[in-house]
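Multiple structures follow.
The two complexes that follow have chain A in common; it is paired with chain B in the first and with chain C in the second.
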Partner chain A sequence: METLKNAVDFSDFPRIDLVIAGAVAFLFLIFPLFSASSFAMATMIQFFMFSLYGMGWNTIGGYGGQVDLGKAQYVGIGAYTTAVMLLRWDIPFWVSMPVGMGIAVIWSFIIGYPLFRLKGHYFAIATIATSLVLKDLFTVWSFVGAARGLEISPITYPPPDYMRLIFKEDIYYYYLILGFFFLGLLYMNWFRKSRLGFQLRCIKDNEDMARSLGINVHWAKIKTYAIATAFVSMVGSFHVCYIKVIEPVDIMSLDLSILIALMAMLGGAGSLWGPIIGAGVLIPLRSYLKEWLGAAAGLVGIDLIFYALIIMIVSAFEPRGIWGIVEKVRRRKRR
Partner chain B sequence: MDLLLGSIAAGIVLGMVIALVALGLTIIFGVMEIVNFAHGEFLMVGMYTGLLTAQATGTDPIFTLPVAAIVGFLLGVICYAGFIKFLIRGPMVAQLLGTFGLMLFLRNLALLIFGSSDRTVHHGILVGKSFDIGMGIILPATKAAAAGLSVIAFLAVWLLMNRTKIGKALTATALNAQAARYMGIPTEKMNALAWGIGGGSVTVAGALIVNFWAVNPFMGLLFTMIAFTVVALGGFGSVPGAFFAGLVVGLIMEIPGFWDFFTYTFDWPWMADVPMTSLKYMWIYVAYFVITVIRPRGLFGWKH
Partner chain C sequence: MNRLLRLASVGIALAAVLGLMLPVKAFSAEEIKIGVIYPLTGGAAAAGRELRAGAELAAEIANGVMADLPMTMAKNGGIKAMGGAKINLIFKDHEGNPTVGADLAKKLILDDKVHGILGCYHSSVTKTVSAVCEQYGVPMINGSSTSPDLTMRGFKWFWRTTPHDKWFTKDLFELLKGLTEGKVKGVKAVPKKDIEVLAAACENTEWGSLVTEMIKLFAGEYEFKLRKTLLYADKATDLSSEVRSLKAAKPDVMLFASYTSDAILMLKTLKAEKAGPKIIWGQDAGFETPEFRNTLGDDIVGILTRTVFLPQVVEVKKVAGQVNRMYKAKTGNDLSGASARSFTGLQTWVHVIEKAGSTVPAEIQKAANAIEIPGDELVVPWAGVKFSTTGDELGQNVLGSGLIGQYQKAKDGKVALEIVYPFDVVTADMVYPFPGW
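Let's turn to the complex of A and B:
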């Protein structure tokens, strides 16, 4: 009960934030009513997925300060579990998603134990390495379709299928992921006020001090990593039901890992709204840049050049992200 | 037995080139503690430079090394002065993602300019020739030349770092930038120089590799990871460490060859079923993970 009260309690934010957040949430709810194009709809679904990925990353990367660049492996585990269980044994999404989360969390414990003995760049590169190892293994493992990947054919499962999440119209996916999004937001709101959340921020500021206060640093990091993993793997399961095709080079690529980290950082790592703002800026930008510059003008790669420039400018000049700018402006006003 | 010797020879020859690839990364890290994710992309720039210069002038890519060195030096200095200088003031997250942005930028610029297809060297005095040393060791002339020139370039950089005043100033900056500044060493210039040397050495390695390796805009990441593994094994910041670790990593990259040898020698059927050639690069990532967990300082590390 206490937990639930903590999760829905947003009262420590300024009222203006809550008004804006409420208005945006209302807009999200009614968005499909006047949705013009399916492209906009797809972009919105991607936005929700990536803000959930970003929230997951934010627990370990933002609050904990451990730069994890291997989140794609957990997207892959979640996605593959759902796809394999559906295609081989016809097990619906609502069963395979928790199973996928379980597998991902077990894997995160296995590699998290040695991983968190590392710090700084060593840790970041090691997460990339584990992710790439898993990708290479999935590329040759014929049980999961090897390099060709898997495809969920909507013909075998006539839509709308609420158990297996096979729909024809995007609107079903939209409301489903919106539900996940609100749940994730509430969870994150609880998390940042939980015991683990405070411990993590302490670890981020000064690890030795945290240890002297009696915090089990190693175990706190592993626990948080498992939480982040569960988040990411859950959305990974949804991801595969939505896009219906997975290939290891695509879903476990380093680019996806970086995108997740980048999104949280652009919005402002270590804040509740950060990943959402980051995804809200980057995902539409990416989709539309690709549509206008990449596809329409025939210039392959130019969208990613702009994208890279944004990354470079943000990390060089405003590493605390958009939310950092907002907070800076507020602090100046208060004086 | 021939198979085993051949694999070892190929691994060592490749390792010499890889050592040169990793040299730039370890110098940059040693001097200013920033991990350059765009390192493999620098290599790619070197490969394209070698290839295009060779095609434009009609010479062998071996003779384009000075051009590649100059391009790499300028690239490194420009990246430092225009971007890294601002980046190092921020936290580590920003540094990691910032150099990653640089990598994405260079990669997609190459994609935009050159397209996504593989390009290889078709002409040249060395292409297609090989030395048969005997005992199953057949060295392609391109690889042998690349290995020899890599060792020479490596030695040159090592001499520069250890036997000249500039090298001493670089080492001083690496050990303690603040104290170096008090001693009148322009640390800002030294940082730029470290990026220049790092960029120059890796583009030279690129111009050597292009003789026997196809170049496309996406090949950078693999070499970045290879370089990270070498540098982690040799110790971040250690120049001799990079050389020995390069040889070890070269042998790791030949694991499929060793696997074949054991498959034929012991004749176990299950070994032949493992798709080892597809898992060729996985062992590099595994090696990185194992090395950093077991010995984060590396073999010759003096800084971590």
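Let's turn to the complex of A and C:
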């Protein structure tokens, strides 16, 4: 009961934040009623997916200060578990998704135990290495389709299928991922006020002091890493049902790992709203710059230049991300 | 008051964001809208430019009247059966990313209301895009993805004009066999033991892994020794360990399936590592782009690549020569395998719509399954375009064929491709062995 109360209690935020958050949540709920554009719908689905990836990253990367650049391996574990279980044994999404989360958590314990002996850049590099090794293993493992990946054929699995999560219209995927998004947000709200959340912030500030206070630093990091992986794996399972084709090169790429970290960092690592703001800025920006400029004759690639420029400007202006800018402005006003 | 202002500004910002997400105004009804999805940025951007130019030229010809061009589509000034309706191409850039490709396909189908789709070059992207088309019942013609699997999925809304890698890889082994039998022009019969050991390195997506499978299959069938196969990332910035691994296998023949940037890097690394097999063969794609030729210059003399179009085809096909001149005037380059195939893909679209006389998907489907374009209308040296409607390979053009070209230095000092296979259409003696770096 206390957990539930903590999850829904946002009273420590200023009222204006809550008003804005409420208005945005309401807009999310009614968005499909007003949007006739499938591109906007696809962009919103991507936004929710990356918000959830970012929330996962934020637990260990934001609150814990451990920069993880290997999240794509857990996206892959979730996606492959769902695809393999469906294609080989016809097991529906609602069973395969928690199984995928379980496998991801086990894998995170296996690699987390040695990895968290490392610190700083060494930890970040090690997460990249484990992710790339897993990707290469999947590229040659014929049980999971090797480099060719797996395909959920629209002929074998005709839509709509609520158990296997196969739909023709994106609106089903929209409300499902929106549901996951709200649940993720509540979980994160609970997490930041939980014992583990406080322990992590203490570890981030000063690891030796945390240890002197009796916190089992290594175990706290491993537990948080497991939570992060569960988030990411869940969205990975959703991803394969949404896209219906997966290849290790695409779903377990370093690009994806970096994008997840980038969004959370650009939005504001270590804050509840940071990953959502990061995804909310970068996903529509990327999609719509590409839509407006991406295929224009003579300007091919200019969207990527704008995209990179915006990221550089924000990072140079405030390294703590967009949420950092908001807090800076507020502090100035208070003075 | 301050709070009210703040709320109002938030409201305006949100409304602006939602406004941006509304669909673009629909085009007029007098157009046939074809969504074209190609890799315009990323590692295969050079090929994307070629593909785009090929499709644009085909649309220009179809929408105009060019009496001296012996093509049906050049006479009608649009789609004759639909009162001269013009072809309008809507280009999208998939970056070589299957997920982006699927999103773009949905956008083209649902927002832009295209009547059909052409694309996507990367087999992995074609796979996701064709799955979206199949789900929505929108016809898709593919002109340049060669993974054999694509037409083996039983899809009813997918047709492919290009031959696939099973045919192309068989051509390679026929050439190797021909070498041992003395059938290759300008080369005496080579003892099989001299070219028996093979090694292959292919990029690690759908296409490259399927090429590897095909090489394994035919190496067994033609009794060659495949000593090493490896897959690598086409975005790799360093291929030295891959090249060292290939070199360690001491192969007589090195086989590659690479996109543009990785093909260039692979060759540069082979040179740096002084790898010197007797034959180097590329499975088209990167090995055929102008960038490959321009960047590597004389280093590629002696390298073989499979293709479906070579500039020498213009000597035997008048129509290819005419189109090639137009293409060269537009881009400064000769037609390549990529541009010739995207041209043919769009040409097939024009014929299909003309036959259907309608943009209703079911009518287009019926027309595509019944279409037969004679070979003399095509720029590529095929017997024609006719899609399979039964058996394991639904929607595959059964009249396509491939060529194997070799980079050779012409008298004017320029490096160009000469045809060395099929044996009945060769244009020059084959350079054997590979002269080295």
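As a working rule, the second predicted complex is superposed on the first by the 313 of 335 C-alpha atoms of A that agree within 3 Å, B and C clash if a C-alpha of one lies under 4 Å from a C-alpha of the other, contacts with A are read in each partner's own complex, and residues count from 1 in each chain.
Basically, contacts are C-beta pairs under 8 Å (C-beta built on N, C-alpha and C of every residue); 3 or more make two chains touch, one makes a residue touch a chain.
Keep in mind that this is a model prediction, so the values were computed, not measured.
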First (chain B), second (chain C), both or neither touched by A:139: both
Which of chain B and chain C A:11 touches, first, second, both or neither: neither
Touched partner set for A:27, first chain B, second chain C, both or neither: second
Which superposed partner A:69 touches (first chain B, second chain C, both, neither): first
Which superposed partner A:304 touches (first chain B, second chain C, both, neither): both
First (chain B), second (chain C), both or neither touched by A:212: neither
Which of chain B and chain C A:153 touches, first, second, both or neither: second
Residues of chain A at both interfaces, chain B in one complex, chain C in the other: 139-140, 147, 300-301, 304
Of all residues in chain A, those that touch chain C in their complex: 16, 19-20, 23-24, 27, 31, 34-40, 42-43, 46, 139-140, 146-149, 151, 153-155, 159, 168, 170, 243-245, 247-250, 284, 287-288, 290-291, 294-295, 297, 300-301, 304
Chain B residues touching chain A - in the complex, by the definition given at the top: 35, 83, 86-87, 90-98, 100-105, 107-109, 111-112, 115-116, 217, 221, 225, 228, 232, 275, 278-279, 281-282, 285-286, 288-289, 292-293, 296, 304
Complex contact set, residues of chain C against chain A: 3, 6-7, 10-11, 14, 17-18, 20-23, 40-41, 45, 48-49, 91-93, 97-99, 102-103, 106-107, 109-111, 124, 127-128, 131, 134-136, 149, 153-155, 204-206, 208-210, 231, 233
Of all residues in chain A, those that touch chain B in their complex: 61, 65, 67, 69, 114-115, 117-118, 120-122, 124-126, 128-130, 132-133, 136-137, 139-140, 147, 254, 258, 261-262, 265, 269, 299-302, 304-305, 307-312, 315-317, 319
